[in-house]
Amino acid sequence: MRVRRGPNSHELSEWSVQVLLEGDFETCFAKGDNSKILPTDTMKNTVYSLARSSRAECIEEFGKELIDFLLARNPQVSAAEVAIVQAPWNHLHFGGKPHATTFVEGGGERQTAQIEIKRDGEFFITAGFGDLVILKTAGSAFEGYLKDSLTTLPETRDRLFGTALQANWKYSSPKLDFSSARTKAREALLAAFAAHDSKSVQHTLYAMAEQALAAVPEIREIKLIMPNKHCLLVDLSKFGQDNPNEIFVPTDEPHGQIEARICRE
Amino acid sequence: MRVRRGPNSHELSEWSVQVLLEGDFETCFAKGDNSKILPTDTMKNTVYSLARSSRAECIEEFGKELIDFLLARNPQVSAAEVAIVQAPWNHLHFGGKPHATTFVEGGGERQTAQIEIKRDGEFFITAGFGDLVILKTAGSAFEGYLKDSLTTLPETRDRLFGTALQANWKYSSPKLDFSSARTKAREALLAAFAAHDSKSVQHTLYAMAEQALAAVPEIREIKLIMPNKHCLLVDLSKFGQDNPNEIFVPTDEPHGQIEARICRE
Amino acid sequence: MRVRRGPNSHELSEWSVQVLLEGDFETCFAKGDNSKILPTDTMKNTVYSLARSSRAECIEEFGKELIDFLLARNPQVSAAEVAIVQAPWNHLHFGGKPHATTFVEGGGERQTAQIEIKRDGEFFITAGFGDLVILKTAGSAFEGYLKDSLTTLPETRDRLFGTALQANWKYSSPKLDFSSARTKAREALLAAFAAHDSKSVQHTLYAMAEQALAAVPEIREIKLIMPNKHCLLVDLSKFGQDNPNEIFVPTDEPHGQIEARICRE
Amino acid sequence: MRVRRGPNSHELSEWSVQVLLEGDFETCFAKGDNSKILPTDTMKNTVYSLARSSRAECIEEFGKELIDFLLARNPQVSAAEVAIVQAPWNHLHFGGKPHATTFVEGGGERQTAQIEIKRDGEFFITAGFGDLVILKTAGSAFEGYLKDSLTTLPETRDRLFGTALQANWKYSSPKLDFSSARTKAREALLAAFAAHDSKSVQHTLYAMAEQALAAVPEIREIKLIMPNKHCLLVDLSKFGQDNPNEIFVPTDEPHGQIEARICRE
């Protein structure tokens, strides 16, 4: 957790950092020779120390800096992977204005990044977010699917479509404005979710991926995971009541799980 | 979960309802005589059915209506308690405008109410919220406390003060504008948290309670639970670096737990 | 966490301790005067220090000792409450024999105690356990219950009966063999659950409480919380298959919640 | 959940099944053509129906059967992956004897399997378990590791070594006695953990993997994930007490994360 103390306002960031190193560790596993092991406790200290000296403004840049630092000091390491999760702290608002030194943790959605860099220069920079629970109450149907002897689901032209969206996209370049790219990709995904005339979760997932790829040219592929958070229409006819798509029971399990990886051609 | 489908916009509510009944159930416990048991499955159906017919706009009103319904139909019941938790669904915003039929679940803070009504008319209506994680980076000290042979905590004039606030307040009347009272109480609590020159968590807790009692005359007592989410200053001096209250490690356990119930005199 | 290192075997205990103090703290809340506050950090140190010097073999005795220590050193405290949860560590077994220095955490069930002692000598000692998930596949019916216009549940003479049992019992004496009493109470509860010819959850709950009260004379009241973990029979007739009480879907929500406090007359 | 009702005893199994299908679904994603979609609701029904008719006694066999069934009925599917988690239900024991119709959920450790089969016959069968929390109080050191300017960890010849073990191993054959192989692999892993004279987590992980590979010739590779559940020795010298490796504070975060995949040569 880092506090930046400006004259008019403070800034608060909370980043959870995971570091994984690969390399020439055979003797430490097979022989109990610890001489090449960088203790995980030291990695922890490295994160704290770098957090103090770094000027990185986003998790992607901090991840790159951390890996550069570790590769430079540890010749036995051939590749490093850093995954960072950002907690959603925001200034507390009163009457439309942010309070300078008071913050609220938003819960829910978390911004993530995973940076992998090999000593030979190969890199994988993945940005994304998880746990974004969204739901649309219009523009979602599911009809015309395959039927067999085990089918019981009725077709519907108007259902609730809820999901806990997890999105991860890979960049084709290691140098770009990551914050701006993240904002554009996220907005494209949400705009597509809201506007799409959905024939299925799969159909909407693809439309969302397409819009994100269109919005950010540096994305070379995107993976979306969209579990289907089912909202079952309650049968009130037994009680002499109608239910014009108004009262639902959300259920956790069992649920549909729709995933796809869409790559730019 | 209820969807209200207006011409220009939909409204979405998700309420988790717990119903507990007390009454003349001795033979069912002691003798296995089920004739006075209203099955929990029927209570569940009652909630769905009433959700369809009710015009309640807030969880307090729905709770009262549900208890009236159950007491009227079940003479063996002497008291009923309904606890409701509201999930934080909001319209998704693009460019500052809400999308009419797309929603996002905010995570974190949850609005709650607990309504208990006895057949003889006695009532307890408690409103509140939980899981509101807040933190202030200025205006928090902790000095001058009792020292003994087991003290190791250093005094500080400037610490981070974070908590997961749980607030519950009891009303002196069963008839009032619950939504307005909730908004005023919540805002008073947060304003006090932000503005207070804190000598201790206890000190700030009391100031928050005082402001809520001042803002809403119908509150007769309020309970605040404020676990101390410690953010430990990292000692970077071992690495030749200073740390001017900038880099912290948040810890979950062990933590301080500060609670108090403040009653209007 | 405490390790006792015997010549032939080690013993491992992990206890999570919560301490709450009540007393003359008005000026600290109302005035920001910290001089009577025993910091929670010092309470934490007190637990560690006492863990080293204490000879308590069970959580009830440790709780009593901790409260005596705190009351003796803090005249401003009028009452203290200690709640302890014991993690279920056991020796790892190979071929029926325990390994002397290797342990496995059993998950699930946790032994608990809550000790409250006032300066005037009044005491409440509650022992119990939580998160014990049990299920019986025979000897459970639910018939003859109240029916009304909202009833849809079919009667059954043979259902699965699953619950996550939480049990807490209060002792009438502060001095007794707590470990032996715990073992007897727990076994009585489980034996009754297994053997009972259940007409309802309520019916079985009462039978369990009765047996625990009979097994341990020092218990003056017992509270049992038994959420009904529903296992729904799957309708396979649509697929041309029967389902003779064989295939079920466990569901979490909504669920029935059965609770009662049974007092010795 | 399946109940087998024998004359002398019942058997209870609870398996959570995830099914993922890959194949010719391009038009459903890109065009909203649902004609090739097997709804997830139908997959769910398939699991229930097969659970009734199947004679599979273990999760690996049930996974294979389920995939064969789905591939046979769905020509558009090119590969299917089934992941199953088994809840740890056991007969409740009294006086050393199992009760015929009463069960207890063990919590903690869960047996898992992942079966992937492609239409061309390629297969991956992975068995394993997760959430097995184990700890050894002897035979664990950590010395001689790399030191740099960010090192603060002291060397130790005697530390607590705790982990939440996750183990997954791949079989070289699709036909074998999976239950027996699972038992042997699990016992080899635990025996090695208990007996090993550990120079580091890495060292012990490797020894465990070696023993599992030796015990079950059909395992071609094994992945072990061993987060280091740190137990920090409490410094009691400030209170005039010694602490001969007796009192520890378990911490969750930050923690070391040790993982490796060991392949048979």
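Read from first to last, the chains carry the letters A, B, C and D; within each, the first residue is number 1.
One rule holds for everything that comes next: contacts are C-beta pairs under 8 Å (C-beta built on N, C-alpha and C of every residue); 3 or more make two chains touch, one makes a residue touch a chain.
All figures in this text were calculated on a predicted structure; none of them were measured in a lab.
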{"item": "Centroid-based (C-alpha) most distant chain relative to chain B", "value": "D"}
{"item": "C-alpha-based rotation, chain C on chain D, 0 to 180 degrees, nearest 5", "value": "180"}
{"item": "Equivalent interface positions on chain B and chain C, same or different at half", "value": "same"}
{"item": "Rounded Å distance between chain C and chain D, as computed from the means of their C-alpha atoms", "value": "28"}
{"item": "Intercentroid distance (Cα basis), chain C paired with chain B, Å", "value": "25"}
{"item": "Distance between chain centroids, defined by C-alpha means - chain B, chain D (Å)", "value": "38"}
{"item": "Residues of chain A whose C-beta touches two or more other chains", "value": "45, 49, 150, 152, 239, 249, 253-254"}
{"item": "Overall pattern in which the protein chains touch one another (line/ring/star/complete/other)", "value": "complete"}
{"item": "Chain B contact footprint on chain A (complex, rising order)", "value": "1-5, 10, 12, 14, 45, 48-49, 51-53, 88-89, 92, 94, 99-109, 131-139, 160, 187, 190-191, 193-194, 231, 234, 236, 239, 241, 243-250"}
{"item": "Footprint of chain A on chain C - complex, ascending", "value": "149-150, 152, 238-240, 249, 251-254"}
{"item": "Chain D-facing residues of chain A, complex", "value": "16, 18, 20, 25, 28-42, 44-46, 49, 73-74, 142-146, 148, 150-153, 199-200, 202-203, 205-206, 228, 253-260"}
